[in-house]
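The following pair of complexes shares a single chain, chain A, combined with chain B in the former and chain C in the latter.
Moving on, here comes the complex of A and B:
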């Protein structure tokens, strides 16, 4: 048999590289060029204009606040759910299936569903009204109630995207041989000690993937917030959208996109550092 | 006091019955070896005692306390797993100290106990290594050290030395025996290796297909197997079983008449290789030599007699080439008798 060509692997990945180049790298390069171009001239003017914009710092603050509240909440919830389902024997598949339904719903649809629940005449208020807690239509999502609007977005995001973390953690838990938990149990570890000293350390790789993926996606939060609050809760991607559509200024929109990219990259690096996965410490 | 009482334990995995009404009493401080072929249910029994598997029926009592419904951590025992289950994310020292840390011993106590256990198993040079950087035998020793470090009253070991080389195994065996005797640990020790069982155990329980078929002191088990299976399984080479017909207290193997103090009819004469005297007398039972294997201290002679394979031992310098006919005489006081149908030992007539 002839020796295998050393070029074969490259040949095989060429189509995907080409695909990425055309549909990702090229638009990415264009975005960078756009962000640094004002009236056909290279300049940092777009960034200056972005930073001076009234909504920039609130958008930055809201986006970070959402990430800081939503991601830990989702990971904690998903971890609890994943450990719980691990213990189930009957009906496990059904629960797994129900918990992952939100994965199949687009974020805009999810946002609209929560709008139907939380709007002035929505289901939530109807229930509160019947319980006698409120006396008439009450707004939760206006610019006058930034805190409830914020938490409405948090609730909708948690509902919508926890399943993603959950699925990754369930897969990760299944990869851990059960002999370790058994050994821990025989040697006197309580359920909490078992989780803390055995499950959690062995789950690190999945936890890291889930955190990176979820954090990056959380910085890109848009449709849910937009559906619930419009611009009442300014966020980074929402601002990019506004500059692009309403203001017809692709330069500043590109600058916003650049900022989102940078914080996503930074968060990835943070997670790679904070959760160190050492292959030789895994089964 | 930590004796183990296993009371009619049954374990079925779906339709597979792994344990059928196992009864076993291990008195406090005894070293009991569980010996049996692969798949006979040794690991399953140990896991039920540890609480890692739930029995289909039956009770387990440790130190007089019924632990059948308690989780493993409330049973106050330690275990060496067949597949080691050494934690990959902990160093050797952390692994050995795991049980002590879980029960909240202070750092100095843990360090001292880890040091002692590591020393005993010759793992001191590796204390800071992670298991991925250890050989199979070293990992196994970590698993043993982890169990010894907690100084348990009851210790369950599932083939704990299976992965060590012959010399190290011999050494570890002696160390284990000394330490466990000193501490008075009640030990259940699973092994395939019957020399190990013979050498270590106060008593041996032989299992076959989910049952314990005989429990006895090693010498008694060797001398008086209660079934054909035990005779064949315990001892190398396995016991010879020669079919004869008993009549009036005597049986004939070719020209040789042997005493057969059992019921008349077809019976099996069980006799160990070392209890057959090879001779060239005319009156002896004929044996056609097929293979001779020099074992160092003696020759192992395999041949055919009365239509079955018979193994005997000859002095190391004997001249017994294949194809040579020779004669043998069993030592009458060393013979056991079995029912050829049921494989059970027969009552001897006085």
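Moving on, here comes the complex of A and C:
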């Protein structure tokens, strides 16, 4: 056996550490510095300006509302799909492929696809027209219809990003030994009881990582909303983009970025607390 | 067939339609051209669809260049994330070393943050060092997105290859690197290829960082976002279609690996 240097593992991880230091830790610190700097001096001025901005509270409200509506919907839908695919015998591969297609679709493309459907003279309105519900092209995505615009973004997000939760949950389900459910069946547990008291607790680790990933990404929602409604539906990352690009104000943009980073971290901590995973409970 | 079974099958079919119909409709929009966009009520059959609309779109100044930049950035992201990530994954899979847990934590920590937003401070740095407005700069930020994923996936790949194979190669006189290259790498190759494709898709789809880091040499997503407000609808749909097609093909190519790729996110 060739002698292996004790430094070898460090040599192998060094490049990636270096990279993450330069492109993750450093810009992270830089964001904080930029957010607290106005004209070269330390100040909270950027945050004051951000909070006073007309779009700030609507952006906060919309972003949180999106996360609160979208994430539970996605988890419920993905769980249903994952349980359905467990039972499937014929055509499993093709259904799996179809259900995971959105995993590869960008948020911008998803927004554009739903724009084609929901625009004034789009396909959705055509269906409503043929059903006799509307008499002609109707707008759903303007600033005059904030509620329908909001739900359009919800639908597009659920369409695009449920696949991520689905894949994580299916992978998790595959790790659970069948014997557990069979044992429960022997003792007379109904399908619902088996799901609720056997499958769901064992699925906790997967649920936790799916929820963390999805919540963080949901706070980052941007292109879907932008494609569907432009700035008619202000959201946090969209505001950061506008302050950076249109207003050329890196300080306020960094303040927005800081808010997004903070709420993401907070949501991760919440999920780690709410869904406790104990090692001895892992399948 | 029982009522239960009917309900189950129709549920599966509805969910398939839920995924496929929007893709079909954006294809209709993208291939329908200017006339298709303004038609009312809409046709659900591809009567007016033709490839011409798509070709016209590709000839618009900027589109081709943007697509080229996207491919370059995604290609570089793919190379960077595997070259940096696979060795680290191998280290995690084969060695017990001090600081392993701290390293794992660093990698997992990246998951708790929307990394694309970190492009914001990098814009300033990139202007200073000349990386701004280059596909290379975009690729570096996208690598930060794809690298944690590449590390964890390759770790699980290498863990799946029995250590005994490698030890047997040593016994027969292979050197350490030789055993890795001849025994481990060929076995890990399909999985690594899937990782590559995933890194490619992550970069190809990313909008926010790419939009901040480029102005003339835009990637496709950045270009579409920038011209979104002033472009006509059929142009937007054609762009959307151009974004969707490679993704669908790639997901098909890696479908076998999707679950082993994501299964490891549990630990």
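Please note the rule applied: the second predicted complex is superposed on the first by the 275 of 283 C-alpha atoms of A that agree within 3 Å, B and C clash if a C-alpha of one lies under 4 Å from a C-alpha of the other, contacts with A are read in each partner's own complex, and residues count from 1 in each chain.
In this text, a contact is a pair of C-beta atoms (placed from the backbone, for glycine too) under 8 Å apart; a residue touches a chain by one contact, two chains touch by 3 or more.
Please read these numbers as outputs of a predicted model, since none were measured by experiment.
Look at A:270: by the touch rule set out above, it reaches neither chain B nor chain C. Contacts of A:51 after superposition on the shared chain: neither chain B nor chain C is touched. Contacts of A:133 after superposition: neither chain B nor chain C is touched. Contacts of A:76 after superposition: neither chain B nor chain C is touched.
Once the two complexes are laid over each other on the shared chain, residue contacts for A:190 go to chain B alone; chain C is not touched. The partner of chain A that touches more of its residues, comparing chain B with chain C, is C. Contacts of A:168 after superposition: chain C is touched, whereas chain B is not reached. Legend: residue contacts after superposition of the two complexes on their common chain; A:95 is shown touching chain C, with no touch to chain B.
For the contact definition in use here, the chain B contact set and the chain C contact set of chain A share no residue. Per the touch definition, chain B reaches chain A in the complex via residues 50-52, 71-73, 77-79, 81, 83, 85-89, 98-99, 102-103, 130, 132-133, 146, 150. Of all residues in chain A, only 1-2, 4, 6, 8-10, 12-13, 15-17, 19-20, 23-24, 27-28, 30-31, 33-34, 81, 84, 87-88, 93, 95-110, 112-117, 119, 121-123, 125-126, 129-130, 136-137, 159, 164, 167-168, 170-172, 174-175, 205-206, 209-210, 212-213, 216-217, 219-220, 222-223, 226-227, 230, 237, 240-241, 244-245, 250, 253-254, 257, 260-261, 264-265, 268 touch chain C in the complex they form.
By the touch criterion stated above, chain C contacts chain A in their complex at residues 8, 11-12, 15-16, 18-20, 22-23, 25-26, 28-29, 38-42, 44, 80, 83-85, 87-88, 90-92, 94-95, 97, 99-100, 103, 106-107, 110-125, 140-141, 143-144, 147-148, 151, 167, 170-171, 175-176, 201, 204-208, 211-212, 221, 224-225, 228-229, 233, 236-237, 239-240, 243-244, 247-248, 250-252, 255, 258-260, 262-263, 265-267. Within the complex formed with chain B, the chain A residues making contact are 179-180, 182-190, 193, 197-198, 201-202, 280-283.
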